[in-house]
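Below are two complexes that have chain A in common, paired first with chain B and then with chain C.
Entry: the complex of A and B
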C-alpha cells in the first residue's frame, strides 16, 4: 500500500497527471449537473449521438489540418445538439431515429475521413492511436496542455454558473414542460440553453472518457442518485458527489494499475450504481 | 442560489490560478515534464519509463510526440517491441521501440539511433522482440513533419 502511495506521489509530479485530475473533476461536475435533467427528459442517449458528431467534426478538422480543432468541433456539436433536442420535442420516435442516424452516420464518416487524412511523408498515415484514444479515452486526458486546462476551467465555470442562475427554470422545464410554458417560462429558450451546455460538456468529456463512453458519465451518477434520493436537489447533489468520487477513483486506479482511463471510470460508475441499487432495495424492504 | 453561483465561479477562477498559474505559465508545452526538483534521475536517466504503469508509459510517449521541445536532450529509458521501417524516400532503415496502450489496441513508438556502427539485420533483433532502449531525446523535421528519436542509444534485448 505504501508502495502504491509512493508511486502515486511520483506520478503526481507530472503536470500531465495533475492536469488530468483537474479537468477530470471539472468534467464530472458539469456532466453530473446536467445528467439528471437529461435522464428525466428521456434524452439519456443524446450524449452518445453528440459525442459521435464531435468525433466526426474532429475528423474534418484533421483532414483540413486545422491547428485548433475546437474551432470546428464546438460549433458543429452545438448546432447538432440544438437540432437533436428540437427534433426530439416533436415526436419521440423521430427523435430517437434522429439521434441514431446522426450518431452512426457521424461515427462512420469520421472514421472514413480520418483514413483520408494527409499522409505523413515517410509512411502512410497512422491515425489508429488517435482514433482509439478518441473513441475509448485510453490516455488522451493525460496529454492535455496548459491551454486545454485553462479552457476547460473557464467553460466549466460558465456551465456551473448557467446551471445555478437558471436552476428554477431548468427544474420547471425538466419536470413539466407544458406546465412551465403555461406559467410563462420560455421553455424553447431553456431547451436551447440546455442543448448548448450539453454540447460544451460533450466536447470536453470526449478527452476524458472517449466518445463511446460519454453517456455513462452523464447517466450513471444521475441514475445511481435516483435509486436513493427523491427530490430534484438531493438527486443533483448526490449525483455530483458520485460523479466526482468515481472520476477521481477511476483516474487514479487507471494511472496506478495501467488500465484504460475511460473504461476504469465507467466501471467505477457501474459499481456505485449497483451499490446504490442494493441500498435502495434494502431501504424499500425496511419500509414494508 | 445566485450567491452560490458567484462563489462557485470565484472558486473556479481560484482553481485555475492555482492549477495553471505562476510556476508553469511560461510554457504551455510543459505538459508532461516532471518537475526537476522532485524527479530523482537514476544513472543519468531523466525519464525512466520502465518503472511506470502501462497507462503512464503510453501517455508519456504521447506527450513526447506532442510536445517534443519539453524533452529535448533528456535521457530516456523505455521498454518496447523492436520494429523496423524502410523509408522509401530516404532509402534508409528506421528502428523503433513500439509501446502498446493499456488494452494493446493502439500502439506508438519512438525511433532510436544506436551509438556505434551497427548493420541491419545482423546486429538487430527480430521484429516484435522486447527491447530496452536508453538514449538522448531529440526531434527533427523531415518531409515537413516533426519526428522524435533517441540518439546515441544503447539497446538491450530482453529475454
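Entry: the complex of A and C
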C-alpha cells in the first residue's frame, strides 16, 4: 500500500499528471450537472448523437490538417446540437430514427475520412490507434498542455455559471415544459441553451474519455442519484459528488495501473450505479 | 370591466381534421367563464390554444387587455410529468413563481412565502419535502393547483381541476377558486363537467361541440334550450 502511495506521490510531481487530474475532475463536474435534465427530457439521444458527430468533425479536422481542431469541432457540434434538437422533437418524421441515422452516419464517414486522409508517414497501426483513442479516449492523457488546462478551467467556469444562473428555469422546463411555456417561460430558448451546453461539454470531454464514453459520464451519475434521492436539488448535488468521486477513483487507478482513463472512470460509475440500485431496493423493502 | 381576451371565428383541430369551429367569445377582466362540452369536444385543445401552446387552424385569438403571458396560471388536465421524476412538492410549487423572476436566477423572499402560503391554502404543507411521484392522484392535483396559483397574477386557466378529488375536496377547491375570483380579482377560465359548480359559480358559459353551441351569461344559458338539455343530461339541479 505505502508503495502505491509513494508511487502516486512521485507521479504527482509531474505537471502532466496534475493537469490530467484537474481536467478530469472539471469535466466530470460539468457533465454531471445536466445529467438529470438529459435523462428526464429524453435528450440522451442528443448526447449520444453529438458524440458521434464530434467524432466525425474530428476526422474532418484531421483530414484538413488544421492546427487547432477545436475551430472545426466546436462549431460543427454546436450546430448539430441545434439540428438534433429540432429533429428529435419532431414526432412526425420519426425523430429518433433520424437522430440514429445522423449519428451512425457521422461515425461511418468519420472513419472513412480518417482512412482516406493523407498518410503523412502514418502506418495503419497508427491509424487504428488514432481512431481508438478518439472513440475510447487516449490510453494516456498525459499529453495535456498548460493551454488545454486553462481552456478547460474557463469552459467549466462558464458551464457552472450558466447552470446556476438558469437553475430555476432549467427545473421548470425539465419538469413540465408546457406549463413553463404557458406561463411565459421561453422554453425553446432554454432547450437550445441546454443542447448547446451539452455540445460544449461533449467536445471538451472527447479528448478525455473518448466520444463513445461521454454519454456514460453524463448519464450514469444522474441515474444513480435518482435511485436514492427524491428532490431535484438533492439529485443534482448527489450526481456531482458521485461523478467527482468516480473520476478520482478512475484517475488514480488509471495512473497507478496504466488502464485507459475513460473506461476506468465509466467502470467506477457503473459500480456506483449498482451500489445505489441495491441501496434503493433495500430502502424500499424497509418501507414496507 | 375591460375586455382581456377576444376570440374571433376560431377553429381548432389536429393535422387538418377540425375538432371545433366558429368560436366567438370574449373574456372580461374579473370574469368567471365555464367551458362546457362533452368528452372530446375540444375543451382542452381550446385551453391550449388560448395559452399559445397550440396554434389555431384559423381565426384570431388576441389578448387585448393588460394581461401579460407571465401573469397567467395554468392547471393542465394531464401533465406530461414522467413517473420517476425526482422533484419535491416544494420545488414544484415554487416553480410556479418562475415567471415572476425575470432575469433573476433564484426565488426571492416574497416568492418563497407565496409558495408557502399556497401550500397552506391547499393543505399540502406537510407534504412539502415529499417526492411528487410518491403522492396519490388527489395530492398531486393539489400540488399542481398550488403551482398554478403561484403563477396566476391576473388570470388562471383550469382544465378539469377537480379530477381525482373527493367531493369535499372538490367543494373546497371551487370555493378557493371563487375566492381568488372575487377577492383577488383574478379572471378564471375553467373547464369542468360539474354542472352544479357551473350553476353556482360561473358568470359566463361557453358550450362547445363540433362548433360553438352557446356563449353568454349563466342566466341566459339556463333559460336556453341547449342549457336545459345539458342540465338534465348531466343531472344538474334537483327540480329538473
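Throughout what follows, the second predicted complex is superposed on the first by the 278 of 288 C-alpha atoms of A that agree within 3 Å, B and C clash if a C-alpha of one lies under 4 Å from a C-alpha of the other, contacts with A are read in each partner's own complex, and residues count from 1 in each chain.
Here is the rule we go by: a residue touches a chain if its C-beta (ideal position, glycine included) is under 8 Å from a C-beta of that chain, and two chains touch if they have at least 3 such contacts.
The structure presented is a predicted model; accordingly, all values stated were derived computationally and were not measured.
Novice: Clash or fit: chain B against chain C, after overlaying the two structures on chain A?
Specialist: With chain A as the common anchor, chain B and chain C both fit in the superposed model.
Novice: Going by the contact rule set out at the top, does A:185 touch chain B (first), chain C (second), both, or neither?
Specialist: second
Novice: After the superposition on chain A, what angle is formed at the C-alpha centre of chain A by the C-alpha centres of chain B and chain C, rounded to the nearest 10 degrees?
Specialist: Placing chain A at the corner, the angle measures out to 170 degrees.
Novice: Does chain B (first) or chain C (second) touch A:229, or do both, or does neither?
Specialist: second
Novice: After the superposition on A, what does A:177 contact: first (chain B), second (chain C), both or neither?
Specialist: The second partner, chain C, only.
Novice: If we overlay the two complexes on their shared chain A, which of chain B and chain C does A:286 touch? Say first, second, both or neither.
Specialist: In the superposed model, A:286 contacts neither chain B nor chain C.
Novice: Figure out whether A:261 sits in contact with chain B (first) or chain C (second), or with both, or with neither.
Specialist: first
Novice: Touching A:22 in the superposition: chain B (first), chain C (second), both, neither?
Specialist: first
Novice: Mind working out whether A:36 is in touch with chain B, chain C, both or neither, as first, second, both or neither?
Specialist: In the superposition, A:36 contacts chain C only.
Novice: With both complexes overlaid on chain A, does A:145 touch chain B (first), chain C (second), both or neither?
Specialist: A:145: touches chain B, not chain C.
Novice: Among the partners chain B and chain C, which is in contact with a greater number of residues of chain A?
Specialist: Greater contact footprint in residues on chain A: B.
Novice: Is A:164 touching anything from chain B or chain C once the two structures are fitted on A? First, second, both or neither.
Specialist: both
Novice: Please give the nearest C-alpha separation between chain B and chain C in the three-chain superposition, to the whole Å.
Specialist: 5
Novice: For chain A, what residues appear in both contact lists, the one with chain B and the one with chain C?
Specialist: In chain A, positions 164-165, 167-168 sit in both the chain B and chain C interfaces.
Novice: With touch defined as at the start, can you tell me which chain A residues reach chain B in the complex?
Specialist: 7, 11, 13-19, 22, 26, 120-123, 128-129, 131-133, 136, 138-139, 142-147, 149-150, 153-154, 156-157, 160-161, 163-165, 167-168, 254-261
Novice: Given the complex with chain A, which residues does chain B contribute to the contact?
Specialist: 1-2, 4-5, 8-9, 12-13, 15-16, 19-20, 24-25, 27-35, 38-39, 52-60, 62-63, 66-67, 85, 87, 89-90, 94, 101-103, 105-108, 142-145, 147
Novice: Quick check: in the complex, which residue numbers of chain C touch chain A?
Specialist: Touch residues, chain C against chain A: 48, 51-53, 68-74, 76, 79-82, 84-88, 90-92, 94-96, 98-99, 101, 105-107, 129-131, 134, 147, 151, 157.
Novice: Mind listing the chain A positions that touch chain C in their complex?
Specialist: 36, 40, 164-169, 171-172, 175-185, 225-226, 229-235
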